[in-house]
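After this come two complexes, each holding subunit A, first together with subunit B and then together with subunit C.
And now, the complex of A and B:
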């Protein structure tokens, strides 16, 4: 994997501005698989130099700039940290936008499976069955994890953005389901 | 006021002076001011050696007022004009105030932020809080012997935008430049973390007089990162007093009380609560104006029984914050207790039982917030050197949303987003030639507008008239490091910046603040004009220093003519600051700011590059072998 962005940045030739892409911003290679610790470290280092707290005693324009930069760095970090957001962002950079809402054409078997999941969550929630919800949560996370592994292959080895976009659309369903599960578990706690 | 000499180009700037900055804990019951002296955070006492300032303000018929112990001593005699716990009213409407029928105040019936009728006229909670802040400012200035560069003022982490803005407005009225609004539990974490070299994930349980916060933070070397926060901005020690008060009324079978008697019994209730922290039984006795005698004994058991639901109410946000952080009780390394109300033994027990560990009480729960705020103020004022500092990453406590069709809320910024943060959203017109657009911003987690707090209505004006649906208006919602929202808008086709008119639901307009500022200056003892000039000079001095040190550090980024223009601006400001004309001083500051704009951008760029240069290439190129699909698993 090339590490060009990092060296380019340090050579100081590449102009660095608020529109610099998130991977370059953190000096990370543009890939789906990334080292979380490295991202975390780059994030903290960057915030340490742009955060508004560093410019609290500076003049107005420096303070405004610090807020813009710090905002941008936060956005970049949140995007790269979460695998779904990172995948969508990679597609966006490759001009293969997922077309979030318009393209909902999914194979029937996938949709039926999703429907079944959803019913099961609703049932367990109605019954206040925390144990069952937790069990489903584990299963879903395992499934997510293996799907993201496959996505890593599509992005980083095969550069198959069309197929990747299709997988990402499915992952959006599953992540939504996981969020619903979290909410159901929270409701049971209360 | 002596200004620093301007360094010759190329000459390195002299080590800057220690800038006077303070941390202020503006509490519901008590307030404090602290500063860092000789590297140590200390609370500044009043002339009688008392650290606390009771958050009580009494208004007098001549329009003046007294704040603190003096006002507190008169609260039973003059309850209508003596305002206690004003923090509960900040950024709130009259319908938001619980048990308002038990309060002795006369509220003004008006929409928006509530107002109180006093003998000195109608007062907004912002003005009342400003009196407390002004008292603390004067205390600090006389203790430190100079004008303050600024203050870090703490707010409950769970304060919404209106409550934060009201606090900032109060500081403005009090003549205090705000370096930052800092969340109270975060301030406590800074004080605790720095004093103990703590590392790991900590919870801060902060039960104050009128507010409850829970924050989960990750403390690492030089980084304080808030992972999640939650709370209840209308739950605190006051509510425990109220439960005792109700118990007294019931047990003594009292007839409806006069406002004086009610205020006195509330005081007795508070005393009983404090007594029970060290004893098993508290005697409560009082003679009412009606001649009735109250003589009761409150046991710890009864007290625990009547306040059980309050404790349970604090644990709900704790569970939610843990869930939001994706953590469980087992992940928490320590629980820092903050706020006077955590002195109650049943609070200690409940928290200990929940987290399955002894809470940490090695810092004074009443002072820790002010001390942390002072440390942060010292950092923000630039009194610490690089490498000897820390980074604070805080979050927004409540989601920001937009009213959409059918009274539904569309979330724009989710709760617990790290600040500063921004979201942009595109809107279009639905009528031909439409030139204005109204947006309603709410804060809260519920799906219906009616269940969230209304923050403000924004009206975008000056949209170029086009056919329906042709205008594309990009609205940016920016939350700054104080957790405050600003909205800006631009029509994408024409690039026209559209004007945004803000109508805060529970806040003050700029005009109202200006009027209050004028009004307040009529009654303060210090000469207002001299004061304004002095403040402008401090501001000018700060700017001159900032530009000088920027030139010393990064002067090479400037071409010769750019540099000389900035030098000219510096000289102009230096001369203006020596004069007596405040107007000229402000103009000179604006001029210098304009000249340094481009310089600031280049410096920021360099600063970011340096962040990368700090790491070596092998480190950057390395650990790809670690590569996994991130945190999806």
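And now, the complex of A and C:
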């Protein structure tokens, strides 16, 4: 990607490089723990400077470039904003495969627990028990937040990518479970 | 994405859904999960004399293809010895159900569930079953 047009486009900013990683893009340190307000601010600033609306009167190539930048900035923001996506991205940057496609042998006790959760959600949903679903939702939120705290330690203090990848695989199941719970609650409300 | 007729058939009329008491004689349990989609699959086999699988049950939380894959393998493993059951390959499951490439991992999950169940059986009954 040519840097010169990008730097012209950014008018006075440091020239941006499309191959730069998402943390550098927002001038943030490469870490799991991240100040949400800082990310939001960096995103708003950057998006304002590359927004295609600003280039409505520009020539085709400048407009196309602005569009690419805008897409890239959005992708970066969505990736860094959500903790699970951020964790997977950090593993990707560390060239550590999370093996989420072919690693089917999670610890049996973890899978049994997941199966029991899914059964409980299905039962409460079938019974239209909104109170129970809400209760499970609270429990799961608490579990998620402590698991993400642990992930912060693994990434930022211990740089233990093997353990982090294991926690990320578990979190993928738990996030799916939370989505199921949300769906069940919405179905009960309907 | 459109499901094949066979996937729909298994999805709408899943065979052998349920559980055996896990400590019953000859019962072994395989638990597997696919992080990419958050699917969880439990396959149980009931092994009789001579290492022949007499019955099988499954419980899967996942997409239609994952449910169909596990339903299908419960039918396929019945009447087979545990060694024969291990010969079931994910490609056969994917072919039978006409799974599209993005759903191949569901058939891998089902194959791995058989392996996990057989491994559990051998762990529990190892020498006794061989003798």
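In this text, the second predicted complex is superposed on the first by the 175 of 190 C-alpha atoms of A that agree within 3 Å, B and C clash if a C-alpha of one lies under 4 Å from a C-alpha of the other, contacts with A are read in each partner's own complex, and residues count from 1 in each chain.
Basically, contacts are C-beta pairs under 8 Å (C-beta built on N, C-alpha and C of every residue); 3 or more make two chains touch, one makes a residue touch a chain.
What you are looking at is a predicted structure, and each value in this text was computed from that prediction instead of being measured.
Colleague: Touching A:98 in the superposition: subunit B (first), subunit C (second), both, neither?
Modeller: second
Colleague: According to the stated criteria, A:141 is in contact with first (subunit B), second (subunit C), both, or neither; which is it?
Modeller: A:141 contacts subunit B only, not subunit C.
Colleague: Can A:177 be said to touch subunit B (first), subunit C (second), both, or neither?
Modeller: In the superposition, A:177 contacts subunit C only.
Colleague: Regarding the shared-chain residue A:157, is it in contact with subunit B (first), subunit C (second), both, or neither?
Modeller: The answer is neither, since A:157 touches no partner chain.
Colleague: Is A:169 touching the first partner subunit B, the second partner subunit C, both, or neither of them?
Modeller: second
Colleague: Answer with first, second, both or neither: which of subunit B and subunit C does A:50 touch in the superposed model?
Modeller: first
Colleague: Between subunit B and subunit C, whom does A:106 touch in the aligned arrangement: first, second, both, or neither?
Modeller: In the superposed model, A:106 contacts subunit C only, not subunit B.
Colleague: Who contacts more of subunit A, subunit B or subunit C?
Modeller: B
Colleague: Should A:114 be classified as contacting the first partner (subunit B), the second (subunit C), both, or neither?
Modeller: A:114 sits against subunit C, while subunit B stays out of touch.
Colleague: Once the complexes are superposed, what residues of subunit A are shared between the subunit B interface and the subunit C interface?
Modeller: In the superposed arrangement, which is not itself an observed complex, subunit A uses no residue for both subunit B and subunit C.
Colleague: For subunit A, which residues count as touching subunit B in their complex?
Modeller: 1, 3, 6-7, 9-10, 12, 16-17, 27, 29, 31-38, 41, 44-53, 56-62, 65-67, 69-71, 74-75, 77-78, 81-84, 86, 141, 144-145, 148-149, 151-152, 182, 185-186, 189-190
Colleague: In their shared complex, at which residues does subunit A touch subunit C?
Modeller: So the residues of subunit A touching subunit C come out as 98-106, 108, 111-112, 114-115, 118-119, 122, 168-170, 172-173, 175-177, 180.
Colleague: In the complex, go through subunit B and note every residue touching subunit A.
Modeller: Interface residues on subunit B, with respect to subunit A: 19, 149-150, 179-180, 222-223, 316, 319-320, 323, 379-382, 391-393, 417-422, 478, 480-481, 542-543, 545-547, 550, 592-593, 596-597, 600-601, 603-605, 607-615, 617, 620-621, 623-624, 626-633.
Colleague: Where on subunit C does subunit A make contact in their complex?
Modeller: Residues of subunit C touching subunit A: 31-38, 40, 42, 59, 61, 105, 108-109, 112, 116.
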